[in-house]
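Note that subunit A is present in both complexes that follow, paired respectively with subunit B and with subunit C.
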Partner chain A sequence: MAAASVTQGAAARRRQLLLLAPGVIWMLLFLVLPLAMMVYVSFWTQTTFAIKPDLTTKSWEAFFSSTTYVEALLRTLRIWLTVLVITLLIGYPTALFIGQFVRDKTVQTVLLVTCVIPFWTSFLIRVLAWRPMLGKEGAINIVLMKLGIIDAPIEALLFSELSVIIGMVQIYVVFMVGPIAFMLARIDPSLIEAARDLGASAWTIFRRILLPLSLPGVVVGAIFVSVMVLGEFATASALSGRKVNLLGNIIVTQVGSLKWAFAAVAGVILTIVTALVVTLLLRVVNLRREL
Partner chain B sequence: MHHLKFLRGGLAVYTALFIAFLYGPFVVMGILSFQKGPEGGPQFPILEWSTYWYRHVLGFAPPSRVAPLPIGEALVRSLTLAFATMVVSTVLGTLTAQAFRERFRGSGLVFYLVVLGMIVPGVLLGLGMALLANNLGIDRNWWSTAFVLHVVYTYPFAFLVMLAIFNRFDRSVEEASWMLGVTPARTFRKVTFPMIFPGVLSAMLFAFTLSYDEFPRTLFTAGSDVTMPIAIYGTFAVEIHPNLFAFGVLTTLFSFALLSVYGILMALSVRRARMRATGIQEEIA
Partner chain C sequence: MMEIGGLSKSYDGRPAIADLDLMVADDEYLTLLGPSGSGKSTLLRLIAGLERPDRGRILLNGEDITHKPAHLRGLGFVQQNYALFPHMTVAQNVGFGLANRLVDPVTDPAELGRRVDAMLDLVGLSGLGGRMVSQISGGQKQRVSLARTLVTEPRICLLDEPLGALDANLRERMTVELRRIRETLGVTFLHVTGNEAEALAMGDRMIVLDGGRAVQVAPPDEVFGRPATARVARFVNAYNLLEGETRDGAFVSGADRLPLPAGVHARAYAVRHDAVEIGDQAPEGWPAIEGRFVTAEFLGSRVLYFFQRRDGGIIEVERHLSQSDPLRFAQGEARVLHWDPAAAHLFGEDGRRVDAAQGGRA
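Entry: the complex of A and B
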């Protein structure tokens, strides 16, 4: 009997291994290996036309001694933090409305789907659509001038850091709204009723119940937004007229001029930054326990 | 109670404004796609309403100084790639989620390894894969190096969707089938699969749309035969014309068609399940 259950256990384990193997092998080969290769190549020797596997830290020194690249790193961090804070600030009230004030499940779904519909247009075309919005003769300037709020068009709207931030906020804010609305909708209504019966004000209910219970959603949203903004380069190159260079833009430019080792250095730095940000965010709440 | 109503109204107005913000550029794009062609540019004012740019995208317009979008082949490639990605990532996601139904040692590690695929910025994977291919002497093609990265990106989504489905799944039905001596393969086909089908459909939808619009992972890995997003990216460098906006409107309509198919399949599967359930009940009665 015992022997039978042991062989049965072994068979089950073998079956589980077979189920896991394809996915794990795929990820090791096409996810872990490329990233390892990138780290490795960042220490190769770059010549004008090629890279050689002679290990050196030259590319690293070149990166940190160039003000252009260090500035790009700082700019990436600045834009990431700005976009993250803005998406949270303008996304949270919407999530609060959808998750807490709309009690009808169908209306909730309709509102969320409405937010997601723009995603059915190609990402790059959505980015480009900001140009006629923000340009000197763009929709926003025309409307503001018609309303008499401004006399001359605001030129800083397009081809500046501001336009990159506006574009990114619009594209990524939904990733913040979704998870927060989901967490808020899961809160037991009787909890809030009880708090209200005990005389808690709306502000107290928000601060003591809604905010803490929606925190896992905030963290998930923040991870989504952070990861996407840190790896960005298309929005920056489309809306800044190549004036705003992020780490991603450096990678693209360096690959374009076949400076692979240098691109790899920028890539490793971006990996480290992303890993730090995600770890930091995961410190806020224990996601595996909360979800 | 009074100010709560006030708060609710305020938030409703805010949400409406928020949605307007999400749709703003989209509406402007729609309007400008009807710009006069080929002279009109991608900005206001509209010189004259026309459908010129739509005809331009579809190849019906007479040749002009604006080069036609290189869409034909790129579109076919993107659709093929999205389809292949969808199939492979859904299969992988289902297999892995199936394994996660029983506890095992190292499950946390495997979980994070898979989820990492959707967290690593795309440009890094593209770069790493390009370096790997270069040094192994492998050609970079949309159907090889780009394809495997697309799966790395979409497989975690499929896995998470299937994990959620299996979590809400009643095991005893499957066990009953095994007890009756039905083989595991047949049980999967006849019992498990019909129950997880809605999840499979969602996973497929996720994978297809993510792959179809995937750009940073493809940029360095697609080689010379470009996919649709890369073709659009190519127009960034030069002047943009309203034909891109007309194309954007057309692809959005296409996406809606796809979404409708998904909705119909979903509704059908729900109805069939309900009908089967009532049928069984009648038999019992």
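Entry: the complex of A and C
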């Protein structure tokens, strides 16, 4: 009897391992191994025309002694934080409307799908479409001048950090709306009725019930937006006229000129930053408990 | 005291509450019995201010609260699914109303803690204040929900099927608890239920709601003993209800003829399960129906016998074992079911009770 249960336990364990194997192998081959490789290559010796697997810290020293690259790192952080805050400020009210004020499930779905419609065109077109909007003779400047609000076109609208931020916010705000709206829609309406019945005002209900219960959605949305913005390079190069360089742009340029070791350094730094940001965000809410 | 007058509410043209009048006294336990779809939840939501009535008004101690927002009414509403805030502890849930209400909030943490603890004691949850609501059982959630409402000292506490989600054992304990808690606080409970036994057992007074109207408002023994309409007799689940018509001074239902008192015109005839006797022959002048034995249900202190009438309907007979020994019948055995004419309850064309000279056992 005991022996039978032992072999049964062993069989169950073997089955578990078998089921785990594909996932583990996949992660090892396509995540852990490349990451390790990236760290390894970042210590290789890079000459103008060749790269040799002789270990050195030259590339790392070059990265941190160059103001261009350190500035790119700081700019990446600054733009990430700005975009994150703006997507939250625009995304939360939108999600609140969809998740709480629209009680019809069908209308909720329709509105969420509407948010996704811009994704039916390609990424490049969405980004490039901002040029005729923001340009010196673009739509916004023309309208503002016709209305007599400004005399000369605002040049800072395009090919600046501002245009990069506008473009990124437009693309990524939906990733903030989705998870928050999902969490808000899941809140049982009877909780809000109970709070009302207990004498709480609308503001108190928002602060004490809706906001804490939707926080996991905010964190998930923030992780989506952060991971995508930190690795961005296309929006920056298309809307800044190559003036605004992010870590992603550096990787693209360095890989383009076959500077593998240097690209690997930027890659490792970007990975560390992203991991730190995600860890920090997960600290805010215990997602495993809340979802 | 709360007075409700001419209250009406329709959904998509279908009336849920139709011209309802009701008087709720201070310090009483009022149960509201209604089948599903009778509008009982709608009535509670109208009183609580979670829905707006189409017509009519609600007066609370003389003040018109018909259009007052829910959070200013000072009424308590214990929801059927408890509606506990999942991100808070038991104590935070109970203290929510006191700490966050717009009118007269309790800001002193010591005072808040003292009142929450006292209420947790009263509902029997001492020491559980620090638990998260996901860590307590269904019965405990019920008590937290009740405590959360009662701690705000509502003038009337509305309970929407408070025992519905509890298992039988727990339900019995809670019925006693609810009455004790209510008596301790002296607050009026308006307890909505679809369970006739619960409504009869708990209420000082009882309201039977049917089709959006209060068809009977009376103490439970009166509702049980003298149902106002044929449908009330059906809801209390203790009557054999026969449909038929009056012909030549007798009630004709299917193949059976039952004598009626002179001058009474009835469309429905009800007799209590425990008023029916089983025999070979009915005494002279007693109503009788022939039935074939189908099955018996042993209920501990009582036995329910099921007989089939000639036209297929079922007659239930209840015999209490403290007064008689259990009877044994063969399957399909024919017996004569009869009862004292005074035990008959008669209902007219509109379903309302028709009182003859003998009037039943009132």
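By our rule, the second predicted complex is superposed on the first by the 270 of 291 C-alpha atoms of A that agree within 3 Å, B and C clash if a C-alpha of one lies under 4 Å from a C-alpha of the other, contacts with A are read in each partner's own complex, and residues count from 1 in each chain.
We take it that a contact is a pair of C-beta atoms (placed from the backbone, for glycine too) under 8 Å apart; a residue touches a chain by one contact, two chains touch by 3 or more.
Everything quoted here is computed from the prediction, not taken from an experiment.
Trainee: Return fit or clash for subunit B versus subunit C, each positioned on subunit A through the superposition.
Mentor: fit
Trainee: Could you look at A:R126 and tell me whether it touches subunit B, subunit C, both or neither (first, second, both, neither)?
Mentor: First partner only.
Trainee: If we overlay the two complexes on their shared chain A, which of subunit B and subunit C does A:D188 touch? Say first, second, both or neither.
Mentor: Once the two structures are laid over each other on A, A:D188 reaches subunit C alone.
Trainee: According to the contact criterion defined above, which of subunit B and subunit C contacts more residues of subunit A?
Mentor: Of the two chains, more subunit A residues are contacted by B.
Trainee: Should A:V284 be classified as contacting the first partner (subunit B), the second (subunit C), both, or neither?
Mentor: It touches nothing on subunit B or subunit C.
Trainee: Applying the document's definition of touch, where does A:L74 land relative to subunit B and subunit C: first, second, both, or neither?
Mentor: Neither: A:L74 stays clear of subunit B and subunit C.
Trainee: Quick test of understanding: once the structures are aligned on A, what is the angle at the Cα centre of subunit A formed with subunit B and subunit C, as a multiple of 10 degrees?
Mentor: Taking subunit A as the apex, subunit B and subunit C sit 80 degrees apart.
Trainee: Please indicate which partner A:V110 is in contact with in the superposed arrangement: first for subunit B, second for subunit C, both, or neither.
Mentor: After superposing on A, A:V110 lies clear of both subunit B and subunit C.
Trainee: So, does A:R208 touch the first partner subunit B, the second partner subunit C, both, or neither?
Mentor: second
Trainee: Please work out whether A:I272 is in contact with subunit B alone, subunit C alone, both, or neither, and reply first, second, both or neither.
Mentor: So A:I272 meets neither subunit B nor subunit C here.
Trainee: For A:V227, using the defined touch cut-off, is the partner it touches subunit B, subunit C, both, or neither? Pick first, second, both or neither.
Mentor: Only subunit B; A:V227 stays clear of subunit C.
Trainee: Least CA distance subunit B-subunit C after superposition, rounded to whole Å?
Mentor: 6
Trainee: If I apply the document's touch criterion, which positions on subunit A are contacted by subunit B in one structure and by subunit C in the other?
Mentor: On subunit A, the subunit B and subunit C contacts do not overlap at all.
Trainee: What residues on subunit B touch subunit A, complex-wise?
Mentor: 3-4, 7-8, 11-12, 14-15, 18-19, 21-26, 28-29, 32, 42-44, 92-93, 95-96, 98-99, 102, 104, 110, 113-114, 116-117, 119-125, 127-132, 134-135, 148-149, 151-152, 155, 159, 209, 213, 215-216, 219-220, 228-229, 232-233, 236, 240, 244-245, 247-248, 251-252, 255-256, 259
Trainee: Can you name the residues of subunit A that touch subunit C in the complex?
Mentor: Answer in residue numbers: 188, 190-191, 193-201, 204, 208-209, 212-213.
Trainee: In the complex formed with subunit B, which residues of subunit A make contact?
Mentor: These residues of subunit A touch subunit B: 12-13, 16, 19-20, 22-24, 26-38, 41, 90, 93-94, 96-98, 101, 111, 114-115, 118-126, 128-133, 135, 137-139, 142, 170, 173-174, 202, 223, 227-228, 230-231, 233-234, 237-238, 248, 251-252, 255, 260, 263-264, 267, 270-271, 274, 278.
Trainee: Sort out for me which residues of subunit C touch subunit A in the complex.
Mentor: 48-50, 69-72, 74-77, 79, 81, 83, 85-87, 96-97, 100-103, 148-149, 152
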